[in-house]
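Before I ask anything, let me first share the structure, which is written out below as structure tokens.
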Amino acid sequence: MEINEKSNVLVVSGHAADYVWRAGGTIAKYIKHGAHVKVIVLSCGVRGESNDLWKQPGQTAESVLKMRKSESMAAAKCLGITDLEFWDYQDYYMHLDDDDKIERLATTIRNFKPIHIITHGELDLLNPDHDEVNKFVFKASVLAISNGVKISGTEASTQTRIFGFEPHQPEICNFKPEVIIDITETMEMKKVAMNCFMAQSHLIEYYAMRAFVRGNHAKRLSGNQSYKFAEAFTRRFPYVGDWLV
Amino acid sequence: MEINEKSNVLVVSGHAADYVWRAGGTIAKYIKHGAHVKVIVLSCGVRGESNDLWKQPGQTAESVLKMRKSESMAAAKCLGITDLEFWDYQDYYMHLDDDDKIERLATTIRNFKPIHIITHGELDLLNPDHDEVNKFVFKASVLAISNGVKISGTEASTQTRIFGFEPHQPEICNFKPEVIIDITETMEMKKVAMNCFMAQSHLIEYYAMRAFVRGNHAKRLSGNQSYKFAEAFTRRFPYVGDWLV
Amino acid sequence: MEINEKSNVLVVSGHAADYVWRAGGTIAKYIKHGAHVKVIVLSCGVRGESNDLWKQPGQTAESVLKMRKSESMAAAKCLGITDLEFWDYQDYYMHLDDDDKIERLATTIRNFKPIHIITHGELDLLNPDHDEVNKFVFKASVLAISNGVKISGTEASTQTRIFGFEPHQPEICNFKPEVIIDITETMEMKKVAMNCFMAQSHLIEYYAMRAFVRGNHAKRLSGNQSYKFAEAFTRRFPYVGDWLV
Amino acid sequence: MEINEKSNVLVVSGHAADYVWRAGGTIAKYIKHGAHVKVIVLSCGVRGESNDLWKQPGQTAESVLKMRKSESMAAAKCLGITDLEFWDYQDYYMHLDDDDKIERLATTIRNFKPIHIITHGELDLLNPDHDEVNKFVFKASVLAISNGVKISGTEASTQTRIFGFEPHQPEICNFKPEVIIDITETMEMKKVAMNCFMAQSHLIEYYAMRAFVRGNHAKRLSGNQSYKFAEAFTRRFPYVGDWLV
Amino acid sequence: MEINEKSNVLVVSGHAADYVWRAGGTIAKYIKHGAHVKVIVLSCGVRGESNDLWKQPGQTAESVLKMRKSESMAAAKCLGITDLEFWDYQDYYMHLDDDDKIERLATTIRNFKPIHIITHGELDLLNPDHDEVNKFVFKASVLAISNGVKISGTEASTQTRIFGFEPHQPEICNFKPEVIIDITETMEMKKVAMNCFMAQSHLIEYYAMRAFVRGNHAKRLSGNQSYKFAEAFTRRFPYVGDWLV
Amino acid sequence: MEINEKSNVLVVSGHAADYVWRAGGTIAKYIKHGAHVKVIVLSCGVRGESNDLWKQPGQTAESVLKMRKSESMAAAKCLGITDLEFWDYQDYYMHLDDDDKIERLATTIRNFKPIHIITHGELDLLNPDHDEVNKFVFKASVLAISNGVKISGTEASTQTRIFGFEPHQPEICNFKPEVIIDITETMEMKKVAMNCFMAQSHLIEYYAMRAFVRGNHAKRLSGNQSYKFAEAFTRRFPYVGDWLV
């Protein structure tokens, strides 16, 4: 597969930092090789993913929101992302089942025409928002490809591949790696991006080790000794193509 | 992935016709594009997969064996296979757990150095031989890559990808397609090859329809309207690589 | 089990053609042997299952709706169905979680007193409407049998058996056939009924082959050589009865 | 683990009697040894779990509600429960997905600070209310521990263990016992408590036998011959601690 | 399904009492209605299932064997069984993977031509012998139906249905009831038969309660109030037939 | 649970280093608090787990065996283990299904009377030896507790708890942490022990990170901030006890 400026990849992130922890290396790699990656942050995670910020006395929701957004923008820049959208939905607990929200995302998919969508996988036993995002993205993708769903100014797109993020505790979430992407060449960029998030500093070391562990798996499963760091994903549908991969 | 004369693919088939029903189109495609495909037929299926032949009065095991082998050779030829081995183990019920047999296959793997191994998947609820072959191939592949396993005249090979055939009744065998290969360009060759097997004529129409059904899935999942026929496989390990596939 | 005019069977179909593709042969067989089959079509699938119709320039929702309904009526007639209801809910994406809709179906169940309900199974990885219908029917069936749920003019019914349709791509939807019904005697009627759907012509050949494939399974699993075509279903609850079946 | 008056245990029961059938012995044991157990009954089950009461001519919802509540209070007393709340939500079919209800429970969790929460497990194939309660309790528990979720007069609590009730037909609900609690010393109290429920008399013998069956399992799995009666639970998260248990 | 003297049912029991605990009521019912039930006891369970007998001082293997066999014969008589075979294999740990043993059972199947085989299910987490029996029976059944497997004096039989016993602790063994048989009319016979086993007296009350529990499930799932006691089984293959069951 | 000199823990390790990578911290902790831990190393892994050693020119099996054994003894010493047995079975591929080997382990269990057995879990998709060990230990444990299994000089022991190691790539092996043990206090000992294995130096960093990752999980799931490093295990049977854990 050749990656170039026509390779559109859509990332839908539940909260302000999810796309960095879970797919930052892959995103940076796609961009570095010429792809256009659009990241949608559905919520800045003011309520659910900003614990450290709330420990400051006199903290307010406005201030947390501002800080999280600014951190997310900084991290995106580190990864080379130039197309970043904040949809500012409320988190904890997210409600994404209404027609307007689903149509909004379907519209984006039709206009952006991604070859891949990367978002949360099917189950996160510790975070109900992530499960809601998974269902939301899937429904929108189904509407996007159906030409009977009329959305002004758009045309039905074609079926895209949908990949799922690795959750924080993969085994208890039934997560099985189906696609492991080598991120050795962008691992440093990911580390810099992760360091933008002050509210979740405890996760920076964690996700660096996770990348090392997946890199070890990548090396063992492929026999390719140059793999050092990796990110793992699920794939919603079977692979279809010309050759066994 | 570029396919050429260095692309070695090893197919391990429990019985004389399994590789044709389950992977004939894929094998023919690899060969057509320059790959070297070696097929090992562990057993000719005299006891378990020759029901129609045994209906003839005065039938003998020798005659059935001869006929099955000759059919299998004819079918292989139709697919372009020039490297076909018969190991002549007994079927129904196959015993493949002894060290000699495992070492024999490990030796073959080390010498042939396949990029892929294709064989029976983990469960065939209707055929215990197929399950035995699955375990056998896996054990041999593990021995092949371990350089502490000393086999005269060989060196340890590197980890290969292992793909599983679709069984006859996939759902009751927990079969989930993980890799679906378009065989539109070799479907006619597969049909001709299938027609070589007189003892299992009822399967010819069945596997033609199966290829159509999988072709429909391939089209639906990929949006690629040129896909008409396909074969499905499981993959023993996650995909590892540079890009999402 | 004797089938007669007291054998009421309720079929709840998400869209205008689902009951035909997935259970047309079984429905026709029940009717042919004297049963009363009521089919409820929750939605005509104007948005999600009418792709071909929408390709015509100047197409409108009214016209698509009219055409789908008329096709569905024609197909029903081919199968011998005389009791067909259109509930005209919106599809893509269906919302069936409100009390009014659930009570409406519970009322129907109480009045119709089906021995079986046939509807969508638990998971359709490609179609979120189908999953919504599955949950909807189950909730309504639970309300129907509870005599504390007061619905004017009705009395609580007794527990019915609930069977699930085979989805379009069964393996990726965790579909396992639990009940396979021989439809050899009504296969021709099913074919004629399928041919009524102009908007989904690509499915006609597909579901004919599917019936052949399931017929092959039926033959192999039962040893009954007269089985040629079949339809497969899941069963929500265990079988309970006097003898092993 | 030492049980004392600081050992707060929260039980969230879908209907008026669930906590008795499924955890009565365990609750009584905790109380007997000094713990504080708070039981929240979300609904009295007027519509869905009062079938016998509704058989009386002229029965009204008010009368059923009164009777169920009074039975539940009597049973609670038998178990030693002094902290019992009725939230009086409608059952069949329960809607617990709105923010107010979730925040109400999150508030309770923050104020009560339970070491354990016991509630319905993940799947009850026969009762959709129970599944709704499971999701509801989980969401509330997530909000309770997040200090960005501001609820007047409360502070974020710490992660608690969540245990799942055994459903009525465990195997078809994918229920696997993960924690089996010996209730030999409180079995008599449980029996007395169960006898308070006139509307579900058929369940009293059933749950007595269930306790015997689980007691047999407890004995077999532990080798401890003093175990005679037991209750089984699932655990939402892995056990974490100092020693293998 | 009409049961008569041509309804041959084969039961393969790992140890001397398994067929009584797990299928005694069903066996007695088949016999009472005219079927021919053949029971094969592979082992008398001298080592693994005679704990109480071994507590007697001076006990010998010969004496235990004699006692177990005599108890099993007495129990068989209570159920109406006249065709009981002891194959006297060693238990704990059973080895059933050699060709002679498999062919012996295949021969029996070919000669007896059962419509059903009832034996141990796929997993018994507490008893490895039971798992070995499951695999053994399946392999023999496959050989029996293949006409290329030549066994002097026999002809290939047709595919039979295979049902699995409920293990002692069903949930931890992934046991799901698929077929629940009402044994109300033979429950008394089963109780009398169970009382023949002195070495496992603790199981008599246990399996009586189990039958009550399954009877409750049968009643609830079918709405048939006459069901009081039942036995549950798995079914190896899907049901195939003319009508939904 | 109080740990003291009567707390016997048996660890059965497939190869020379498995017990260190997978349970070294837990073993050291038990010993530090007074327990008696016996480690059995079934094989030194000359063929399958000594890749680095075999890279040396002129290497011999004798020399590898000697080195692996000496490394394993050194590592054991670092963990405080004084009871270490080498059974010197061949690895790659291990055959542990014969009666003599099973009886040998059963004898050890009867004599040692462990409260816990720790060994390989049910599936290691990359290593067939580990699966063989799992089955072997289970069978021996069943024989050990059955008093009809006569082994000279021994008496039947009681049922023990059996815990499973975490495999190298947990998710693809269906591994779910069921018991997570804090090893913060012995992590340094584990690191020192791991450094004894020259043939698998690439694993030392890997398992250090794994302990960090599990420590993060332990902290998150328990709320206990003092947890820094941990090891995860499966548990073969449900927990049985007096209180919810």
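Annotations for the structure displayed:
The letters A, B, C, D, E and F name the chains in turn, as written, and every chain counts its residues from 1.
By definition in this document, a residue touches a chain if its C-beta (ideal position, glycine included) is under 8 Å from a C-beta of that chain, and two chains touch if they have at least 3 such contacts.
All of these numbers come straight from a predicted model, not from anything done at the bench.
By residue number, over half of the touching pairs seen at E-F are also found at A-D, the match among A-B, C-E or A-D. Taking each chain's centre as the mean of its C-alpha atoms, the one that lies farthest from the centre of chain A is E. At the far end from chain B, in terms of centres built from Cα atoms, lies D.
Between chain A and chain F, the centres computed from C-alpha atoms are 38 Å apart.
Chain C and chain F have Cα centroids lying 53 Å from one another. Looking at chain C, one finds that residues 126, 172, 176-177, 217, 220-221, 237-238 touch two or more other chains. Taken pair by pair, the chains that touch are A-B, A-C, A-D, A-F, B-C, B-E, B-F, C-D, C-E, D-E, D-F, E-F. On the side of chain F, the complex with chain B involves touching residues 45-51, 53-55, 61, 64, 92-93, 125-128, 172.
If you check the complex, the residues on chain E that touch chain D are 126, 168-172, 175-177, 202, 205-206, 209-210, 212-213, 216-217, 220-221.
Of all the residues in chain B, the ones that touch chain A in their complex are 1, 3, 26, 29-30, 116, 118, 145, 158-159, 161, 163, 176-182, 217-218, 220-224, 227, 230, 232-233, 237-245. Those residues of chain C lying in contact with chain D across their complex are 97, 99, 102, 135, 138-139, 142-143, 146-150, 236-238.
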